[in-house]
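Data first, discussion second: the structure below is written as structure tokens.
Naming follows writing order (A, B and C), and every chain is counted from residue 1.
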Amino acid sequence: MFSRRTFLTGSAALAGAGILAAGAGQGFAAGPIKLGSILDTSGAFDAYGKPMDMALRLAVDEINAAGGLLGRQVEIVAYDTQSDMALYTQYGQQLARSDRVDVVHGGILSASREAIRQTLRKSGVPYFYNVLYEGGVCDRNITVVGVTPSQQVEVLIPAAIRKWGKKIYVLAADYNYGQITARWIEKFARDAGGEIVQTDFFPLDVADFGSTIAKIQSAAPDIVVPALVGGAHLSFFRQWAAAGMKSKIPMASTTIGIGNEHKVLTPEEGDGILVAYNYSPELASPTNEAFLAAWSAKYGNTDAIHEIAVSHYQGIQVWAEAVRKAGDVAHDALIGAVESGLSIDGPGGNVSIDPKTHHAVLDVHLMEMAGQKLKVIESFPQRQPSDTQGVCDLAANPDDNTQYEIKI
Amino acid sequence: MDLAAIFAVEILYAIASLVVISSGLAVVFGMMRVINLAHGEFMMVGGYVTIVAVRSGINIYIAMLVVAPLVVGVLGVIVERLIIRRLYGRLVDTMLASWGLSLLLIGLASMIFGNTTTGISPPIPGFAIGRYQVNGYSFFIILAAIAILVAMFAVLAGTRAGLVARGAMQDAAMASALGYNPERVYMLTFFAGSALAGLAGGLFAPLLGLVPTIGGAYIAKAFITVISGGASVIAGLVSSAVLFGSTSQIFTLATTPMVGEIALLLIAVVLLRLMPQGITSRFFRGKM
Amino acid sequence: MAKEMKHAFLVALVAAILLAIAPALIGTYTLTLLVIYGILALSLGLIWGFGGVLCFGQAAFFGLGAYAYAIAAINIGESTVPLVLGIATPFLFAAALGAMMFYGRLSDVYLGVITLVVTLLFFRFMNSSAGPQYVIGTARLGGFNGIPGFQTLNVPGTPSAYIIGDAYYYLTASALLIVYLLVRWLLASPFGRIAVAIRENELRVELLGYDARARKTLLFAVGGAIAGLAGTLYASWAEIVTPGLFSLGQSAEIIIWCIVGGLGTLVGPVIGAMLLAYLKFALGQQSVIDNTLVLGAILVLCVLLMPRGVVPTLGTVLNRIYRRPPARRDRPRPAGSQTAATPPERAHV
């Protein structure tokens, strides 16, 4: 295995030299490295996608300003999937087959990831999915640089139970993220001595939660845990506050804030909601300060930054690091580098890739929404993606291609 | 007991919201035999007008009760003059043209406001019924629905304008001969229907949030309610709103919102199958 | 009948030549989609333009075909039976729905509401079937996620021989031509003539002793089957099926294609679909102007200025310029006429 990788690296270097000679007209660089981007920058999920696109462009600008990768500039080939899952397969195929990109970064909802994952795997294009998700994807072609349930839910739910009580009412978005996350919430709640009184699933276009709020009251839980996604679900938080429930039953959420919801809601509607993520702009580290400064320099202010924009930024850095380490952008060499103990220092702290699962090891912070900000309460450094580690070992089964789901 | 009261409020609210959503469409359809498929988008415009007005410092009640209906009413008049007027008597063509208009409005709104969900907070605090909390805004919607129905009845049955309008709809030539201008009556009716749509949009903006595509969620419900209701503007609207609103909300409370919605749709199919021609059939024959 | 079929073959020949040279201009990947949409538009063009049934729910049959194919393909792993199921399921469903509506004497706007409601029912159900309890055989319905990763079309009997790329384009293009010829044949048959007569005056046809309800039901079912075929081909092209296939937007688009292309013709809807779908694709590549806005404006203008659609209007214009029956070379033309009634020649296209 190792020798083959070395051979590949060597031959790629030779090929690179060939291109270098042929492409003399373009100066010293060979053709640019093509980075395929596939994000919802319009439609119901653009609150997630637009800042991710900004993060992508910032990251690539920085890479190019520093001389590119392997002496080549990075060129973005971007598609807007308009929050339409069917467009993902279409643009995914286009990126892989006609644009022939070297890597694809993107996908926001888990539905979109599953729509393109197989296409990219078949075409041998390395795929980086840089978003908080429900865990369990086991596929050598993908690298996941986002928070998973064992990193987030395992921190969040026990903390909420300690703080408020044992009875939990779960509201989850009705697709793979919500379905699987709801089961993780149940597992970690039980482990911490809590119980789930009810779980309700909501299609992504539901916006009227009046009857749900009545039902929650009749169940009288100690905590409400919304794992709601997208623009329509945001109205739950407004209606909850408008019904005067804010002061009666506290909330801990696995998703609110990811799309900067805390800045859209008023402090009265948002304050006090408990969350756990990898990033808050309040983190005091030199890397984060430099990141915030670079973002303001490019975009004027830092308002748009959110959890998954940063995780996208970190994902691109991880990929860039892998390319540097491999000395090549080709599939096998790159995956080899991903499995070689990769690590970067990002705005959200140190991010390293677990070779057996291709998932990230990263810091997680328990936070509370306060005055439209995320206030860090407690930090949990370098958490392992143990949900996925428990079921996935790509070193032993390199051909695995499943998304494992938790069974309860 | 308290819980029963809460559930009763939710059911009333479901009925009231159908009335609010459908009233504009019911006026335009009941009086003019025009189905305005841009009705949902008129509501969307009403919502954006409300939000923009509130953000520019106008009192929220004035914004949704006065500004939104006026602006959307004027938009309705423009649409009537430019498009609908040319298509009277061609039911399917009006539907298609207004469908095109709805897409156009969605596109415009996306370009102006972006595709992001926006919203404002409801202006009324919640209050308690016994141990339970109720969204105060639900009551506001219920009151608004009652006010709309009363106003519609008063105008149609009790004023000269209503009488003339009904007369012009029944026999345009006769109304014209008596010195009333049917064109103007159509225009004013469309204004009233559009203004009601704007009002509905304004009323729901604080509750449900806004995206340019939100009209789609309204139009299907309004369309089903109005068509199932039948010829009589007010009685039809109330009867189908009560039927659909209560069934869907009872199922929603018992199970999930999805089941509630499916129950509404199934009831609509059964209803239309049992009353296939309905009371309104005579108005359609030969027009499609 | 022989004469009409001769025209139909001529049209098919011209279309075949155009479809064969099209890959020189547009990539086959995009072209395949355009052709699939062409088939879908043809299905509504048949039941609306010739049967007089305005169906707001053609997307229901399209989606049903796609889902039936995807679910069967996951369970079976070879594409022949799924392909048949992808056509048969919507055919049977449309027959049942049609019987329910036509034997219930539903008409006009009520047909529109019922078909719309049925589409919404499918959409709501599919959109909320993400839970593990929604399984058919080994296929999870997947809810909002849809169903990705099923077996795409293969050479019958050889599951590993996928039909993809250019080959898939030629397959769909042939499917379009075959469907067109079959529909033409159907319309030229006594059944088709009576169907058109029903559109013109249902009462009169019934008084002549024909059972209009059965004929409308069958025509509706055939339309459903064609939409199902389009759905099946779409599933295999997109490699995923999602609840979006059942959406109102999808239904709306099909209606727009027919209206813009021209009702009462078969070529009109196909051309309308291909032009508008390509326009949408081209507009999707830019962000200056919102593409929903453009489609909306086109629909409004078409209803106001060209209520008969592009193809019939073009026919009339050509007719005026040349003052003779237009050449059949460049584009098949429905014999345009000023009246709303169907002139005999219209049946040729």
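Basically, a contact is a pair of C-beta atoms (placed from the backbone, for glycine too) under 8 Å apart; a residue touches a chain by one contact, two chains touch by 3 or more.
All figures in this text were calculated on a predicted structure; none of them were measured in a lab.
Any chain that touches chain A and also touches chain B is listed here: C. Comparing chain pairs B-C and A-C by the number of C-beta pairs in contact, the larger count belongs to B-C. Averaged C-alpha coordinates put the centre of chain A at 39 Å from the centre of chain C. The distance from the centre of chain B to the centre of chain C, with each centre set as the mean of the Cα atoms, comes to 32 Å.
Looking at chain C, residues 124, 127-128 sit in touch with two or more other chains.
Chain B has residues 110, 256, 258 in contact with two or more other chains. Each of residues 174, 201, 203, 205 in chain A touches at least two other chains. Put simply, chain C touches chain B in their complex at residues 54, 100-101, 104-110, 112-114, 116-118, 120-121, 124-125, 127-128, 248-249, 252, 255-256, 259, 289-304, 307. In the complex of the two chains, the chain A residues touching chain B come out as 42-44, 46-47, 83, 174, 200-203, 205-208, 210-215, 217-218, 230-232, 234-235, 238-239, 241-245, 248, 264, 266, 268-269. Touching chain A in their complex are the following residues of chain C: 27, 29, 124, 127-128, 130-132, 142-146, 148-149, 238-240, 242, 244-245, 284, 287.
Interface residues of chain B, counted against chain C in their complex, comprise 35, 83, 86-87, 91-93, 95-97, 99-108, 110-111, 216, 220, 223-224, 227-228, 256, 258, 261-262, 265-266, 268-269, 272-273, 276-278, 281, 284, 287-288. Across the complex, chain C is touched by residues 80, 82, 84-86, 88-90, 93-94, 97-98, 110-111, 114-115, 118-119, 174-176, 178-179, 201, 203-205, 405 of chain A.
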